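Both of the next two complexes hold subunit A, though its partner changes from subunit B to subunit C.
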Partner chain A sequence: MKGKVGVLLAMVVLFGVIASGCIGSQETSETKTTSAELTGDFVKDVLAIGKALESNGVNEVKFSAWGSGDPNSVMRVYGIVEAARRINKVWEENGVNVKITITDTHYVASFQDAYQEYLSKQPLGQAGDFFVNSYAFLPTLADEGYILDITEYANAYKNVIDDFYSSLIEASKFKGKLYGLPQDTEARPLYIRKDVAAKIGFNLEGIEEKVKNGEFTWGDVSYWAKKAKESGVEWGLIHRKGSAHPDLIQFIFAFGGKLYDEDSGKLVVDVPAIYKWLYVEWKFVQDGLLPKDIMSWDWAKQIHPAIVEGRTLFDIGGTWYWTEWQTKEYYGKEGTPRPLKPEEVQAWFAYTLFPAGEKGLKPVTLSQPFIWMINSKAGQQNPKYDELEDLYHKLAFLMVIKASDPDINAIHSVISAHLPVRKEAAKLISDEKWLNDLKNLNLDLDPQVKTNIKDIVATTVHPINAKFLADVSYMLEYTKLAPAHPKYPALADIFKEAVDKVLRGEMTPEEGVNYIIQKVNADPELAQNVEIVGEIPKDWKFP
Partner chain B sequence: MKGEKLRNLSFFLSPMIIMVGLFYLIPLIFTIYISFTKMRNWNTERYLTEVVGLYNYQRLFHMFQHDPLMRTVLLTTVVFVGITLIINVFGGLLLALGTFFVNESSASTIRLLWLLPRMSPIAVYSLVWYYFFHGSDIGTLNSILMKLGVLSQPIPWGQIVPWGAWSVIIFVNGLVGVSFGMIVFTSALNQIPKELVIAARVDGASAWQISRRILIPMMKWHFLYVLTWQFLSLLTTYPHLFLLVQWDLVSRDYGTTLALYVYNTAFGRGEQDQGLAAAAAVLLSIIGILGGFVTLKVLQFEKMIHEPRGDIE
Partner chain C sequence: MKDVETRPKKGEWIIVLTILFASLPLILGFALLIISSFSRDMVTDLSLDSFRPTIENWINVFQGRLAITGGIRQNILKITLNTLVVALGVSGIVTLISTLAGYSLSRMKFRGRKLMMLLLLMLHAFPGVALIVGVYLLYRLTFPQEPSFVRLYSFFYVILARAALEIPMSVWLMKGFFDTIPWEFEWSGIIDGASRIRVWRQIMLPLIKPGILAVALFGFLAGWQDLIYVRTFLIDQTLATFIEANIEAEYSHMPLIAAAGTLYLLPTIMFFLTAQQLLLQGYSGGIKG
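Entry: the complex of A and B
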């Protein structure tokens, strides 16, 4: 009897399993798709992904965007918000019941802090789905598998990729694979105070050309800086502080040196060029033209006020200074500090490339492109992530493609004085009608985006600023990039320490170079990744 | 009987044993393990099982031999811990004794004022000193001295090496630490029977004599506790130092202690080398254990924990 009951029970269970299996398989075979092929037709791809998500019961996709930088560069996160709106619109118009929601727009001032946060939170699955940061961190993030390899996806969107400046696409690669799309870039001009120049008889007419053809070099900068000092101006030169990346290493390139050897894949300590760099800075300090403690100056209370108040003739800055001076209260000559007006910035500052170190060499500038990167776990806060990972990743890629729309890129460029990364965006900047529409925020943008950029637009969108961007765009032809090598930040830190010690007079330029070499060799791992080339030049004189 | 005693002991000690194991022992063992791996950039999946033997220790000792910064780090650690410890312990003792002899309302106000550095958020507190010691004329100290005509040029206090940098970090951390000793010593003083002090007063003893002959000898335990605790705290503290160095107020070379070096190596900019940092942390732990042991020996801890003669088993 017991045996019969057992057999009966087993049959019932078996029937149940078979029946449920049949029902299940019937449902799966009907509509569920867990991947989509990218074709290069944006609308078609977005619809295919939207329908696939819908068929899997996903009606809301949540993403978060992390960005960092100066206060005017908020489009680094709001570009993603706008991209989401544009994709949502496509879905809505085509009856796809899916919506992207940007749950978090995390924006911090320091891009290094943002990188540290991303690095520590990514393995825990708590980092943003989109991460905009310097290309300098891309190799480490790519090497650790923390960002998405988009090479395959980008192949389908060759038409879009080709519109980016090729040097910037190269900066988005690691070991030949594409890990992001350029978001912005900049140049680092040498600013010259026109009023101080006029006072000392320094004729600035044609100065851009003279710098371009290598006729005006750092020897001339030193000459005029001395003249300015003699005339009672406090300083001849002010420059940025920080980890010597990416500002002061322009000296290495300006003296014909290099920082990276393509053949060996190693970083390079170019001894002659570094010695000349340190010597020039040391000489400027010795002559009282450059503050010896500049590396510990306060940005808001010392560096910027000294420049905008005309207490220096030259300044090694960045293109973004142009609008930063118009939005931050740095000018305190009339009592309460206030921002400059566009007309004042135009009237007071001339700008050139970073001059050649000596005659016969070329001028340079340095860019640090920011890159849209996609978290390799993008979309993980959404349902059925393991099953639908491919769809979420492709959707994230399409969002970056959308966030790179020429108008979004152009808005960012104009309001933050960064240079556009796409040729189409560069054209838009010169379009007066479009600029006027931007000024009045008469553009088809997400209300959240409009609200967040309203104040910045009011102070920065101006024909003078657009002209400035157009004027400095040529500098990208001369641009150099710091090496995208995981060990470069460690080397940059050593450069900073050496420059600081030389500026403070704790070391001579020669001792500074030896200090760099000693520090590199002190860490066996760094030493393996760095080549030390050349020797300290004998009988070299400056100026 | 023995088994029952063991059971009772285990029962009462188990919460503490579990806590010590969970929050002290396991992290220490884990740190030692990481120091033998190639762990970096938080990538546990990739590196946590990649054992590299003594590689991190070899690299660390190579750096100690050849990197001038590493020798400075050790020297700075010794000077910083040594001097700040003296300030913290004796400053706390002095404040406790000082407030013991004044009326209660003034004593409370003084104690509250000295607690302010500990109550303030680290960033805010450090920012105050950043602007106070700033090396240009925007610095409060320079500005005051220049207005008084004492200085004609601002002095970059934190960049004068080594003593300028050391003085700033010792001053800033010293102020934070004093309050800890003050509280412990004050509570110890309040436990001393008032009759002893009154009797001494009747006999004509001065405040100094009362302190030296009665109060301080009765606070031996507390002194040992504050000294050991503060020594270990100072050896491992880094947040204030991190900010002061980060903001370029003090020289990086002479503002970096071993604890800050461990932090910067593990979580600093660029590549974050947690394997190397763990090796340095193990070294720091060994110094801490040895230092703590020496402190207990010197202050004759063993004598102090002898069972009282009057106790009966």
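Entry: the complex of A and C
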């Protein structure tokens, strides 16, 4: 009897051990399906995540994409739609019963407005899962914990990350950690009217090289602008306006100044460089080469028509001007305003870097890259979010990787005249066959994407435009970024006020510099974040 | 002898001209906005050359397009409907609460009545912007965890929050209207056996129609044109946030924005045109005794 009881007890214990083992192994298996390691093999990773989601009963993943900017830059959200389609295709081909649905493609014109909206809705879990916006907002969003740190994920995809231009990857970092992937960037060339140049005997052959070498400086710009004026051309120079567009701060860099001190983390008011900037602008107005009220000119009725109608020799603009002139009715010289043809833009405009301020200094350009950021709550609208957060976040990262595919990036560049952020995309732009396929929309794209970019493609895809992008890509090697500092917009506003007052003749350049210093010191918070360095040069002369 | 007081006709045209002159900037602004919405260029320089007629802007607006070529399409009808829901919601709540509260403050004696009236007046002194941090905190505390309720709740909350800003002044306004009605009207109803709520509904409310309309209109306008509360709390877009988010001076097609702006103005203008007679009674106050 005792023996039977002993056997029975032993069996119960054995059953208990086996059962607990089984239960234990089941737990282990469940733990495994709630996360997936990224290996760098895109298909493998996508399948691992898809299978893990499927095993957890998730068959649909909902994401939303928020973007902003000019109407031609819609690939900022449609890139995500296309990435979802490509991932869905991988799952479908491999029998994984999961599908990504993009529930909302929210796109507005004002990127500042989009940023404000993201700030107010993110804490409530109601902001887009993908948010593409200026790099300037990245530090604040990262600091607040509103966007995902993708440093570790990106380590697995080093091959892709290395294909991005390194300066743009640096712009996507905050305190050494990666918080997004570059989506696009641009350069701000100095446009020169070829017909006006020919009329005044200004030989443009080799001008790009002369600017690159610092041989052609702002003194030369002034010289030729005067010649143009003397020949009856209305203006010598037209430039952009407003503080949101940081074009004019190129003068600071061109005169060897700086705007940000990385060691102290403070903004810099570089007095000598700012004085020279204001002096050049003031002198241009005094000589009648630049309108004194340019800062209040209307974009569509004054600034662009003056440039496209050849009423100025020089223009400080952006790369996107190239296609903007082809899509908007700015040219009214023949009566009813019309857009320019690609051939006209090519025939009428030469383009160079922003020349050095003086001999011995370097030319520059300025970029404001847009970054694809991932909401730190990405995937929140999906089932079992708390349990599967890691899977949703990694899937969101893989979507951004896919949305950065060279062809998607190249399509965006060509139709919006922004510069590609990946070297592979830059190569694609020069591929004539691919351009033809894009022109005919003979590409494997989501039907929704095709429908929505059809009109833009018809007006912008042209070998001349692609050549332009390829030609200006080198400018990224000279690019400077405006400081991604939370107080920079306040400082930029002060710069704008000072420039406006100097141009209108209400202040001398010296008074303009003092005005900037006083305004900075009058705002205690700004004063704490700004270093004022150097003095107004005494013997400096501008031709 | 004249049975009504009349102004001498002499010099009347000077008054009319002065009023017209004073209103000119406003009329001109609206006129240019409407004209620009039918033009390929903005007509902002009073030059006829700028006016190049087209209905393309209106077609684009109704198609929810933000630009002439391509771009993202927004569902403008849905955006208009959202705006209408918020405006009517605010209007309804403000009207209901202020007619009830105005009546009780005008007709009933209860403890704390004067203090409540004073507090209401003080509350009105606070601008909505000053309260937004507290209102946002409350929003976060009461926010539903279930994602499917979020959109609905955001409408509910923005309507309540916006109505709360309008209610203090509206209550005072309605109290003023109830004060002008002689007690005899109410007494006759009560003597006939009607309850206070029936008296309020069947006797008092019909007598203060102009006041109700005024309060409803102000509530509607508050909801229709609100930007800050809508942008902060509402998940969906309204016309105000749609227009604001798409005005980017450099690359927005301004005539298209002018068309959206005109569409935004239409209900307000229609409301005023159809209700102006009643509103004038509201402004002059009083009833026939």
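Quick notes on this structure:
Here is the rule we go by: the second predicted complex is superposed on the first by the 509 of 543 C-alpha atoms of A that agree within 3 Å, B and C clash if a C-alpha of one lies under 4 Å from a C-alpha of the other, contacts with A are read in each partner's own complex, and residues count from 1 in each chain.
Keep this in mind: contacts are C-beta pairs under 8 Å (C-beta built on N, C-alpha and C of every residue); 3 or more make two chains touch, one makes a residue touch a chain.
The structure presented is a predicted model; accordingly, all values stated were derived computationally and were not measured.
Considered on the superposed subunit A, subunit B and subunit C are sterically incompatible, since they clash.
Once chain A of one complex is fitted onto chain A of the other, the partner contacts of A:Asp70 are limited to subunit C, with no touch recorded for subunit B.
In the overlay built on the shared chain, the residue A:Ser120 is in contact with subunit B and with subunit C. Of the two partner chains, subunit C is the only one that A:Val108 touches; subunit B does not reach it.
In the superposition on chain A, A:Glu324 makes contact with subunit C only, not with subunit B.
Looking at the shared chain after the overlay, A:Asn452 reaches subunit C, while subunit B stays out of its contact range.
Once the two complexes are overlaid on the shared chain, A:Ala522 sits against subunit B while remaining clear of subunit C. In the superposition on chain A, A:Ser367 contacts neither subunit B nor subunit C. Judged by the touch definition given at the top, the superposed model places A:Trp299 against subunit C, while subunit B stays out of reach. Touch criterion not met for A:Asn465: it reaches neither subunit B nor subunit C. The residues of subunit A shared by its contacts with subunit B and with subunit C are 116, 120, 123, 298, 301.
Residues 70-72, 74, 77, 105, 107-110, 113-114, 116-117, 120-121, 123-126, 242, 245, 298-301, 324, 327-329, 336-337, 380-381, 452-459 of subunit A touch subunit C in their complex. Interface of subunit A with subunit B (complex): residues 112, 115-116, 119-120, 122-123, 140, 144-146, 241, 243, 293, 295-298, 301-302, 486-490, 492-493, 497, 500, 504, 506, 515, 518-519, 521-525. Taken in their complex, subunit B has these residues touching subunit A: 41-46, 58-59, 62-63, 66-70, 134-136, 138, 156, 159, 161, 247-249, 252-253, 267, 269-272.
Subunit C makes touch with subunit A in their complex at residues 40-42, 44-45, 50, 52, 66-73, 139-140, 143, 147, 150, 154, 231-232, 235, 244-254.
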